[in-house]
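Structures given as structure tokens follow.
Across the two complexes that follow, chain A remains constant while its partner is chain B and subsequently chain C.
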Partner chain A sequence: MRSFSLIDFVSLFAALRWTVVLVVLALAFGAPLALGLAMGRISRFAGMRWTMAAIIQIIQSVPLLGLLFFFYFGMPVFLGIQVPAIIAVTIAYTLYTAAFLGEIWRGGLEAVKQAQWEAGSCLGLSLWQQFRHIIAPQALRLSLPPTVGFLVQLIKGTSLASILGFVELARAGQVVSAATFQPLLTYALVAAIYFALCLPLTLWSRSLEARLDGSR
Partner chain B sequence: MALVEIRDVHKKFGRVDVLKGVSLDVEEGEIVTIIGRSGSGKSTLLRCINALESVDAGEIRVEGEKVHARMRDLKKFRQRVGIVFQAFNLFPHLKVERNITLAPLLTGRIDKAKARALAEDVLTRVGLADKIDAWPEQLSGGQQQRVAIARCLAMAPHLMLFDEVTSALDPELVGEVLKVMEAMAKQGMTMILVTHEMGFARNVADRIVFMHQGRVWEQGPPAKLFANPETPELASFIASAK
Partner chain C sequence: MNFLPLWRYQNQLIDGAIVTLELTVISALFGLLIGVAGAVALKGRIKSLRWLVRGYIELFRNTPSLIQIFIVFFVLPSFGLKLPAFEAAAVALSLYFGAYSVEIIRSGLDSIPRSQVEAGQCLGLSGWQVFRHIVLPPALRNAYPAVTSQFVLLLLGTSLASQVATDELFHVAGFIESRTYRSFEVYAVICIVYFAMAMSFKALFALLGAAAFRWPRRR
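Then we have the complex of A and B:
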């Protein structure tokens, strides 16, 4: 046993790297997919709507832990493919992000009145122009608070990757705590780091909300 | 050739027959007002002219071109036929100027350098030049509706449709919108209006079309129609609208 030192402090911050990497990967792949799912959910084709709804329903119903296990342990068993842990984890977080963000954004898109699409189309705009210039900006503002809420969830959710061997923030906390026998101090520090990561996001979302809502 | 030719148009919503064989011609420069009770098919007819609804049978031609929801040049067509709605439908996230210039810019009608001047021009025509930098929600209902009209005018349409554009307004705001429309009528714009404003119909329209149960029941010049309705349905409608 040794006492809590600067090295422990540094190792927690070093582990933060994985937390950030996982969040960035999840967003980089998950957000475009979420947009696709959201647009599929409001498609005029019923088959498309149902398919997207089914995909979202399935992913949302499985615990994140289950997704991680499935892609890490399950893929080799069921599909005979051995994938590196980082890929398995990326797939799991991507799907998780896509399903939840997709549903949040779908809600935002549907909250914009149908008449806004109609007004755009009556001015001779294409469907894409209506979406891009009329619907999406309004939907974005409506979706912003829940989107950031989900982002905060995602940041904390990366702690689950520790069970697959990723030494991200939560796992590093375990290691440091075991080495120093100072769980209270260590976990308080871990919590503080998570808090410091999430707080600016929330503040940023508030200022963005105010900025997007220029009319008020 | 009439600017708008409507031939035996039928339209159903589910099992409800909304239009049961409507025929109507509108000449260039003509102001036609469609009146009738709720559910008589007035608004549906208007929406069919703009291909917002497709017809089940019969045909509609605007400037000789057959109108339907899947027409190849729908976007181009919509640029020639403006429509103003009861609920204004301004874009709340854009200032008045951008509300007006968005479509002309995106459709390539004008370039960026001319956008502001275009917005100023059409806003002047509706008497709101000083509101160019306002947000829609800072405007009264009547002002919002005039911006919606200006937004339409910015596309330089050949035909304008008005779907109960004063129905959502407080009574004291109706006049300013009607005045704008009257001025447009004087400048020779072809207009088809669905309205409950009998005074406007009487004073501005070249022709009144009374719709009843999905058909054109009676039509003619306002003076004749209001003074001597031929059918009991129109007589009772005029009596109840007073």
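Then we have the complex of A and C:
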């Protein structure tokens, strides 16, 4: 046992690096997938809509912790080889991000009136041009506040990677707490760091919501 | 892949699922109580109370549920409040659910136009009658989808209680894994059980919602 010192403080902030890496990976792979899911959900082919809806339902009805364990232990079973834990964890966070962002963005796309598509088509734009130049910009504006809100969920969700042994912020907190026997100080500090990351995003999301709503 | 070794642990799985359901329902009930009380306080005239509720909401919505469970379980004992694992998880999850409930209930109440309240007053209804017959039914209907989806998220979120050794479903998974070494199979089955529970609740809430809110929506 030793007392809480500067080095513990530094180790918490160093572990924050992994929290950021996990968030960036989840967004980098999850966002394109989410766009695909959202576009599939508004497809004119019923089979496509149903498939995408089913995928989203399944991922949203399983705990994030379950997804993480499923892929952590499942990757060797599926592929027959050991893969680094970061790959399994990235797959789980990617699917989680894709399902939730996909559903948020679908809401944004559907909120743009059908007449906007028709107007584009009257101007002789192709389906892709209608989406790219008319629908997407309006949908983006509508879905930006909940997207930022989901980012907060994702940052909080990366704390679960600690359970698989990733030394990100939550895990570093457990280690420091066990070494110093100062759970109060350590966990308060960990919570404060998460809070400092998430609060600005929450406030930004709220101001976006107020601003975009007022201009409509 | 071999699921057979798991078969003899079905009783443990059922017990775990029951604890998960208990934890979910208890946390949801206390969370909703906090939500109603918080929404009333936000609507109230006492400024310090409003600030207190705002602070509570932001604090609990911007920190991970896992850390909140750790704090209740590991930190409160140093203040002489030592809770068993289930109770600690229930307290932490109630506070987490409560923070979301306050906002949901407040926005449900805010969704009723002021003119409707005034129309009720013009008809000579008392304050309670206006609330009971004019504000409450549409406010409930507006808040219902958000409350139910938050409930399903709570159900999935109870899996975090396994980290302080509450003997709910996810903790049972760890136990079976340690006995059978069938890690993937165990967690695949657990995911299916959570999926089944979540889908059942979604179906139940859809039916309840359709039965309870039958009057037509104004367009």
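Everything below uses one rule, namely that the second predicted complex is superposed on the first by the 197 of 216 C-alpha atoms of A that agree within 3 Å, B and C clash if a C-alpha of one lies under 4 Å from a C-alpha of the other, contacts with A are read in each partner's own complex, and residues count from 1 in each chain.
By our rule, contacts are C-beta pairs under 8 Å (C-beta built on N, C-alpha and C of every residue); 3 or more make two chains touch, one makes a residue touch a chain.
What you see is a predicted model; the values in this text were computed from it and never measured.
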| item | value |
| --- | --- |
| Most chain A residues touched (candidates chain B, chain C) | C |
| Which of chain B and chain C A:Phe195 touches, first, second, both or neither | second |
| Contacts of A:Ala115 with chain B and chain C, given as first, second, both or neither | first |
| Touching partner for A:Leu12 - first (chain B), second (chain C), both, neither | neither |
| Which of chain B and chain C A:Leu125 touches, first, second, both or neither | first |
| Touched partner set for A:Gly173, first chain B, second chain C, both or neither | second |
| Which superposed partner A:Val23 touches (first chain B, second chain C, both, neither) | neither |
| Chain B versus chain C as contact partner of A:Ala92, first or second or both or neither | neither |
| Partner chain(s) touched by A:Val62 [first = chain B, second = chain C, both, neither] | second |
| Touching both chain C and chain B, counted on chain A across the two superposed complexes | none |
| Contact footprint of chain B on chain A as seen in their complex | 113, 115-116, 118-126, 129, 133-134, 137-138, 141, 212, 214-216 |
| Touch list for chain C against partner chain A, complex | 1, 58-59, 61-68, 70-71, 74-75, 78, 152, 156-157, 159-160, 162-163, 170, 173, 183-184, 187-188, 190-191, 194-195, 198-199, 202 |
| Chain A to chain C touching residues, read off their complex | 57-58, 60-67, 69-70, 73-74, 76-77, 152, 156-157, 159-160, 162-163, 170, 173-174, 177, 183-184, 187-188, 190-191, 194-195, 198-199, 202 |
| In the complex, chain B residues that touch chain A | 50, 52, 75-79, 82-83, 85, 87, 89-93, 102-103, 106-107, 135-138, 151-152, 155 |
